[in-house]
Amino acid sequence: MIAVLKQGTTPEQTEHLIKWLKNMSLDVHMSQGKEVTILGLVGDTSRVDIELLKSLEIVATVKRVSEPFKQANRKFHPNDSVISCGDVKIGGGNFAMIAGPCSVESEEQIIEVAQAVKAAGADILRGGAFKPRTSPYAFQGLKDQGIKLLLEAKKATGMPIITEIMNIRTLELFEDVDIIQVGARNMQNFDLLQELGKTKKPILLKRGLANTLQELLMSAEYIMSEGNENIILCERGIRTYETYTRNTLDLSAIPVLHELSHLPVVIDPSHATGRAALVPPMAVAAAAAGADGIMVEIHNNPACAMCDGAQSLTPEQFNELNQRVQKVREVIK
Amino acid sequence: MIAVLKQGTTPEQTEHLIKWLKNMSLDVHMSQGKEVTILGLVGDTSRVDIELLKSLEIVATVKRVSEPFKQANRKFHPNDSVISCGDVKIGGGNFAMIAGPCSVESEEQIIEVAQAVKAAGADILRGGAFKPRTSPYAFQGLKDQGIKLLLEAKKATGMPIITEIMNIRTLELFEDVDIIQVGARNMQNFDLLQELGKTKKPILLKRGLANTLQELLMSAEYIMSEGNENIILCERGIRTYETYTRNTLDLSAIPVLHELSHLPVVIDPSHATGRAALVPPMAVAAAAAGADGIMVEIHNNPACAMCDGAQSLTPEQFNELNQRVQKVREVIK
Amino acid sequence: MIAVLKQGTTPEQTEHLIKWLKNMSLDVHMSQGKEVTILGLVGDTSRVDIELLKSLEIVATVKRVSEPFKQANRKFHPNDSVISCGDVKIGGGNFAMIAGPCSVESEEQIIEVAQAVKAAGADILRGGAFKPRTSPYAFQGLKDQGIKLLLEAKKATGMPIITEIMNIRTLELFEDVDIIQVGARNMQNFDLLQELGKTKKPILLKRGLANTLQELLMSAEYIMSEGNENIILCERGIRTYETYTRNTLDLSAIPVLHELSHLPVVIDPSHATGRAALVPPMAVAAAAAGADGIMVEIHNNPACAMCDGAQSLTPEQFNELNQRVQKVREVIK
Amino acid sequence: MIAVLKQGTTPEQTEHLIKWLKNMSLDVHMSQGKEVTILGLVGDTSRVDIELLKSLEIVATVKRVSEPFKQANRKFHPNDSVISCGDVKIGGGNFAMIAGPCSVESEEQIIEVAQAVKAAGADILRGGAFKPRTSPYAFQGLKDQGIKLLLEAKKATGMPIITEIMNIRTLELFEDVDIIQVGARNMQNFDLLQELGKTKKPILLKRGLANTLQELLMSAEYIMSEGNENIILCERGIRTYETYTRNTLDLSAIPVLHELSHLPVVIDPSHATGRAALVPPMAVAAAAAGADGIMVEIHNNPACAMCDGAQSLTPEQFNELNQRVQKVREVIK
């Protein structure tokens, strides 16, 4: 870590700061330049509060030379991580297509969708049982009953399942769930992350609405620092001023995360765009940019003609999307 | 709630949609115009998934005519709410100055700061015991020990105390805490909100980094819908592209929240700006805009000359800030 | 256009508003509901100031039913526009690869790069002569001399050229330029747009750093409303809070703009990401999402080893990128 | 300027870079640390392309130690600048209240508003003659006729006037205008800025919708570097994801700009919030935060009852706002 001191800093102030830094068990190398004084901090700088250091009056700038994440860092783990979920693998050249309804609604619905997406080439079944909703009055999911229905669908199709956890006290319900999803709103629910770190379950960690890629990796680090290395990163759109799409899908997250980390990266174009017509082009683009998986919402309601324009695709549309994604993966290898 | 259908929607599609809406126990009034068809939805529209409705292919736009929050809504509760914390009141013309250190570090520190801020006019003592940190390797606060020290400071000075909860399983530690703070990262930790709604404790709810004012009110509604009406809203800066300040303090939140809700509004200029020199002008501006309270960080480390430029003020700077705030409150009455 | 009036609006206020609207030559259809009153405005609503209307105290919401852009609108021009630049076509299934250096630096440089990118498959040569720079002290380009050198490169290679205009008073210098670029900072320089609308030159219009897609189309409309229909839209990244990339590339702009408009869409991954390593995956993703062209920065400085990590690719890297792009275009047809 | 090189940079690469930097007439001081190599660049670093330097593969980070703006920099000009506009002064303790209609509509209107705002305490009359509009079909102002009417109002009341320029070719129309406004959309229209730098007119420069405070100061520098030092900076709200207000007013811009620069800072709460009810609290807050002036929109249409809720205040509301502002200025002195 490098701290650059402002011009006009007195020797006493500099000495003071160095003493304070050494108290944190850091070695400090001073380099006195014409214009500025530079302090090189060596040691376990992951404990240094960079915001506090930056805000000191005598400090012009602070810069980490090494990233603050370790276990998620590609530097210390050059090979791609491969996450196994049942027979399915994600990362290191293994691509997973995750599909299913937004919410689990009934046994009939989830089994029908599961069979349809499996037939269309999906590897993993998604479905919401606990639903985070902005309003306390909105439908919050079938909860434990929803998980039971997902497990029925798993049994019926043999597909691994993924569903979201919102509260660590419900962890035991997830025993037979293959991948636990942490939603965007909980990306910095550090207590939840640490508890999930004590399990061995694969965790799909969604980027928060206004979180940087480095913050996403720091949240992965929270889980990994407790012993669970089975992390799948997920980009699902960030909040910007643009209103035509629900969020702005940041596909550059794929090569950036691959550069910084060995963890696989999955893209969720359904939540990112909020509109079915935009899901296929964004899914294909994600595959072209090197994503390790794609997660899309599918509905199976032929009676509900009006659902077709919403964020969910029909199984037929998904089938076509999947074929294009596979073709693109073939040519970019 | 109003739904405007697109030109070219067929009568069958319209009928389909109306049937679907009626299934949600809504009355639907159709108004057929030259260019468009408009559906007026009457009933408990708080259960309608506005995002889903918007995303239907035949729907041009959806607009709530009534806000989705009820208990937090000024329409149904025209008088300002006044929240009592010990002898201190917030809201309805009562102004609270909340001050204290970022983190509780030791008994000596917290008692010294508590006495200093009390002497300088503070009403409530703040201090972090559980600290949400981006990095798992950073100092996470003294935790339960920190709360004990805060309670010592409360005993020594008679001031009510406020501190942050990060995890509902620690709730019992907060029994003698006067105000429980929910941090920005947990604003949409709905499970935590609901559990806090089952207590009677005053809750200071911070706006998330990228959350709208309506989402803040919906999170207040989560708490209130469980029975706890003692909510204090807090603006602490939102995330924008500007890098000179840590966040962008949105002071228009004060008149907007006062217009929409009866709940008191407190401003935290320390976290918002991240720099001590900006805290006094923003605190005075907050008072001028009608805030019901201000929460600032104070340190008491005369030996640590370098701390002066950081986000915390000295007790002397706080004293001066407080006097200006009180004068401004006087003239804007 | 639909205006929804608030509950509690008096008949006098409603009458007032209707009179005001009729004065703007609009027909007003009133629909009185239980909860609300809705006004349907028919006529040339493109002249209505939607912001003013929205801000009236009695108005709950205003929604355009028809988009405010006409000539750029796919509704009134269902077929893709095809823009011709010399022998090259863009749009309607025609894809253009635009490549060249950030700035024109010398005759030797621009001709060497031009020949290299042509050999690697580029269709159009880009190069900056007038450079918009944040600082008045930074290099502002070779200006008219830069355009002369671009014309030399055009002569030497036969490639059409594109370069940016910053000031309408320099228009005559662009007589032999094939495509005139309007940069992101000038997207709402309405005077410049209107003057370019009086020419017949193809215009590549870049989206502003914080402009919505609708605003981009309204700026295209400024040019088209003066008679020039040869517009190419360009997404080049928007400004967000993320700092790892220079901007956030919004690839969903491709399907959204194609849905709303008949104009071709080109992606600039070099400016969007600011880093060479991210350009190839984003270029391939853009092709997969259906872009009509890609514009990338290329340098030819084998002596300058350090340039390789910057935002510019070498001709060899461009050659490889181009082959992947073409393969992806093949499979998504 | 400091450049930190990445670990693993070879001596050849470092030498290459140093040679390149020295070619730009910079002195380079190298400091070899354990973890990193740091280059201190001395000389006229305002010409260095910081983006390019940052993007080099071997460079970990680059930081300016001195700000890139010189003439706008408080370091080289410690005293507040005072800008004179007729008899009115702005800055250095002089406060200006600027008021008037959004657009000049007729002689009767502008003279009536001018007299009303003068009576209520305004110092300077504002009014739009050239109006930048998102749509080419919207009313673009009375243009030269509008300026004539403003000059009539100036004659009738003796107030200095401010109005916006959109195009340097209309400069001669502004001969008797006291302050020329550069709108947010033109903040980086560098050609316009440079031409205005050749005049001696006071320029009110508005911050762009998505521009940083440093970029605002760089745009001021564009004007000043051509010889015109009469610059007034103006914050008018930035674009964020919040939709309740038109923009997010960043009042921390006041102390930040005062810290970095000697130029006066004016706040425009009307455009920032877009709603009349929010203008008075934000105007008073701006005064409390130390603004050198406030610019508000006033209308005079008693017949138009519906205008009251829009972004413009009545003269009576303005009178009350002005009294509160003056009282707050008194107590914060």
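Order of writing sets the labels: A, B, C and D. Residues in every chain begin at 1.
We adopt the following convention: a contact is a pair of C-beta atoms (placed from the backbone, for glycine too) under 8 Å apart; a residue touches a chain by one contact, two chains touch by 3 or more.
Everything numeric here is computed off the predicted structure, so don't read it as measured data.
Enquirer: When I count C-beta pairs in contact, which pair ends up with more: A-D or A-C?
Expert: Pair with the higher count of C-beta contacts: A-C.
Enquirer: Could you tell me which chain lies farthest from subunit B when each chain's centre is the average position of its Cα atoms?
Expert: C
Enquirer: Give, as an integer number of Å, the spacing between the C-alpha centres of subunit C and subunit A.
Expert: It comes to 31 Å between the two C-alpha centres.
Enquirer: Measure off the straight-line distance from the CA centroid of subunit A to the CA centroid of subunit D, and report it in whole Å.
Expert: Comparing mean C-alpha positions, subunit D is 39 Å from subunit A.
Enquirer: Would you mind listing the residues of subunit A that make contact with two or more other chains?
Expert: 210, 239-241, 243
Enquirer: Line, ring, star, complete or other: which one describes how these chains touch?
Expert: complete
Enquirer: Which part of subunit B faces subunit D closely enough to touch in the complex?
Expert: 210, 212-214, 238, 240-245, 248-252, 254-256, 259, 272-273, 277-278, 281-282, 284-290, 324, 327-328, 330-332
Enquirer: Please output the residues of subunit A touching subunit D within their complex, sorted ascending.
Expert: 2, 4, 6-7, 29, 31, 33-36, 38, 40, 42, 60-61, 63, 65-66, 239-241, 243
Enquirer: Flag every residue of subunit D that touches subunit C in the complex, lowest number first.
Expert: Residues 12-13, 16-17, 20, 44, 46-47, 49, 51-52, 54-59, 68, 132-139, 166-169, 185-186, 188-191, 194, 208-210, 215, 218, 221-222, 225, 239, 246, 274-276, 304-311 of subunit D touch subunit C in their complex.
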